[in-house]
Amino acid sequence: MDTSLLSAAIVGGVLNGSLYALLGLAIVLIFRTTTVANFAQGEMAMFSVFILIMFADSLPLPLWGQWFVTVLVSAVAGALVYIVLLRPNPQAEHLNLTVRTLGLYTLIYAVSVYFWGANEPYTVPSLFGDGTIAIGGFHISYDQLGTILVTVVLGALFLLFFQLTQLGLAMRAVAINPEVAGLLGVNVAKITLMVWFIAGAIGAVVGLLVAPVSFLDTLLMRPYILKAFTAAILGGLYSFPGVIAGGLVLGLAESFASIWISIHLREPFTFAILLIALLLRPGGLFGRVHKVRV
Amino acid sequence: MSGPEALLQIEAMSVRFGGVVALDEVDLTVEAGSIHGLIGPNGAGKTTLLNAISRLVEPSGGSLRFAGNDMLSYRPHQITPLGVARTFQNLGLIEESSVLDNVLVGLHTVHQGTLFDDLVRFWRRNRLEAEMRQRALRMLSLVGLEEVALTPVRQLAYGIRKNTELARACVGRPKLLMLDEPTAGLNSTEMERLAKLLARLNREEGLTILVITHHVEFLLELAHVATVLDLGRRIAHGTPQEVRNNPDVITAYIGTD
Amino acid sequence: MLSRVPPAARGGWLVAGVATLLLILAGFTLGNYERYLIVIWLIYSISGLGLNLPIGFGQIYSLGQGGFMLVGAYTTAIVTSTWHLPYAVALIASLVLAVVVGILVGLPAMRLRLFSLAIVTFAFGFMLFHVVKSFQFTGGPQGLFMDPLWLTDAFSGRAIYFFALLVAVLGLLASYSIAHSKSGRALLVVGQNETAARSLGINITYYKLAAFIFASVLGALAGSIHAVLTSYVAPETYAAELSVTMFAAVMIGGKGKLLGPFLGAAFIVGIPEVTQAARGLAEVIYAILFILVVTVSPGGILGILEGLIGRLRRGSIKAATAGERAP
């Protein structure tokens, strides 16, 4: 195979993979601490980008400052989602809580279409500017390089935060067993609030990275959310390194699939990977099967 | 049944979870028609032994024979038709369904109906359902639950739910009934009633019972034979009296509690 | 002696019977648009009835029901309009294909639990959407226009109405038969506690797969009727959102209850109809109501209704027994 095609496939795969992984981290974070599968994670990210181009870009700030404001507002919105949507009636089974996020998915989409129209593309400025850089045989655009750098830094920070800080430790405790964590003096409600805050922020970053490349419209995150879930499942659902690996595997696999098979069959191919992987390893590629005690 | 073989015969059974040895070469013989008590401190491996007999955990060694069958070649859902039934510590009942429906589940392998009958041959389904319901109701009156037959389990007190689970386990007329802590959470009157009921099932229906319990009086009153486990090993067996006076048993309990 | 039908089900039969009679009468009297709406409602109800068995009984969270509706719709379109065969053939082909696809997806998927299963089934619907979009014989992104069928136009459009009603009634009867028999009880135990199910001699994979295939068959039937009704199939109609909508319909109506899917489908078809006057806000109002129902009442609309009826009934029993028993 031609090396430039190969390098393009690798760059494209890592790029998409890192975005799946980052969005997947937010999903796994929420799932581990609250057993809620947040189906609205992608729509929350889409909404964040609208926050940027509708409000934050009128602020007298440089673009990175507007980014920062957007991420902060999205994080607060994430925390609000928890308070308004998931706190009421908390004794409901986790399926009910997950269905509420499906409702939120419907709501955010409806609200966005109402304000900004369906299928109306908006251009979003890129933080990294135009141009490409050649490293060896690889041609990488500034956008691609910037995106990969941001996701790597953010992913690393995330893992370090969880391993090293007090708050990260408390979150891990809540993730393992909320009741026991509560008895040990961890404020579970506060931790859960923080979790949604962080998930809101991560979603915003992913949205802001995706939008400049692919134009913003109300369907912006639809392809990404399913891939992020797939990455999470491939990673075993409970593991942060797992979801990162899952995202990269998925990104590279579909990138090569679109070269070798057909670009139109990229999506079915993704599903085939998921199904085969789970057929061979029901606990995910990198996870263990969690046994329930009798 | 052929020959002098016991109903349930376990030899040198070991179970490991990762590096932890939950059962270490345990022997257990349950004679047909007996009530056999299984006791031991927490973590002794009693439930694991029951799970191994139910084929819910895979032993790493040893043999398991029941009524002439090599049980290790069966899958979990194939055990019930052989005549083994059990209850759980945390009750596996359908909360929204009635007591009667829960007991009917105990007849799953006795019930001759198929999915096709349920969907299409409704005349056959209705006949079979009526027969099964009769059987379930007889069982309910035996354990004194006919009054609440149509009440959803969710609305009932813990003791009644435990009896529902017992009825579900017994309704299929198993040869061996395994009970995991049936006395937990019961008051002394309820415990007395349970002991009488089990003794009666044993006497009148010829039911063999293997029961895990923490209550010594319950064991003394009910069991013919007792086996004591500690840290995955069998440390004593004999009549309940013998076992109670066994110095190893006393050390095991005092040493760990 | 106990009567054959449990008392709780008797009220349900009364409601279902009266509703069916009213719907038969309505078929002769209502105008075209109202009949069209009712058929759409019945289509969602049929699909939801199927989905209610895995979700409500077996705790199998299938998010791929739209995919099975797609199978039914596209099979119907291709058989009747590409191959020009009668609708009966299309119907049978839809059912057979639904069973085959159900087994192919279900066998691996039933090894998974809860969330993983939801995503895998969701991905299945997503994949089918892309498949029909990329192939020529499925019409690509434009979809397929169908030949006019006898069923679409017969009796000035009433044939399809009564056909949908018939399928819905049969679907309800089949659901009832399963719910109140050996299979339904087995599925409930499987959903509640797999370990207990195993030790009761229940073959877990068999019942889970059966429930999944039941859903896929009713989904394909609903899709087939939908294709006939609209004479046109397009990928967007059966996109992943449809699976989400179907899942929501079961949850909003009240999962595990036989009449739940009818209420959920009524919500999904009816609310946008009612809020239509609000123009673009209709979708927003619908989403807010959706969130309100599932947040306030985890048992769905039927949960709210049963709570009300239960309160009334308890009140009357208390009044009746107050003299007999002192507390």
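All chains are identified by letter, namely A, B and C, in their written order; residue positions are counted from 1 within each chain.
Going forward, a contact is a pair of C-beta atoms (placed from the backbone, for glycine too) under 8 Å apart; a residue touches a chain by one contact, two chains touch by 3 or more.
The shown structure was predicted, so the numbers you read here are calculated from the model rather than taken from an experiment.
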Practice task
When you average C-alpha coordinates per chain, which one falls nearest the overall C-alpha average? Tell me, please.
Solution key: C
Fill in the blank from the handout: The pair out of A-C and B-C sharing more C-beta contacts is A-C
Completion exercise
Rounded to the nearest Å, the gap between Cα centres of subunit A and subunit B is 48
Exercise for the section: Mind checking the centre-to-centre distance between subunit A and subunit C? Centres are C-alpha means, answer in whole Å. Expected result: 31
Exercise for the section: Give, as an integer number of Å, the spacing between the C-alpha centres of subunit C and subunit B. Expected result: 40
Exercise for the section: Among the residues of subunit A, pick out those that touch two or more other chains and give their numbers. Expected result: 294
Completion exercise
Among subunit C residues, those touching two or more other chains are 195
Handout entry: Set of subunit B residues in contact with two or more other chains
Key = 56, 88
Problem - List of subunit B residues in touch with subunit C within their complex - result: 54, 56, 76-81, 85-86, 88, 92-98, 100-101, 104-106, 108-109, 111, 113, 115, 117-119, 122, 125-126, 128-130, 132-133, 137, 149-150, 168
Exercise for the section: Name, in rising order, each residue of subunit A that touches subunit C in their complex. Expected result: 31, 37, 39, 85, 88-89, 92-93, 95-96, 98-100, 102-107, 109-111, 113-114, 222, 226, 229-230, 232-233, 237, 262, 264-265, 267-268, 270-272, 274-275, 278-279, 282, 284, 292, 294
Problem - Residues on subunit C engaged by subunit B in the complex (per definition of touch) - result: 2, 4, 6-7, 174, 177-178, 181-186, 188-189, 192-193, 195-204, 210, 256
Practice task
Write out the stretch or stretches of subunit C touching subunit A in their complex.
Solution key: 59, 61, 105, 108-109, 111-112, 114-116, 118-120, 122-124, 126-127, 130-131, 133-134, 194-195, 240, 244, 247-248, 251, 280-281, 283-284, 286-288, 290-291, 294-296, 298
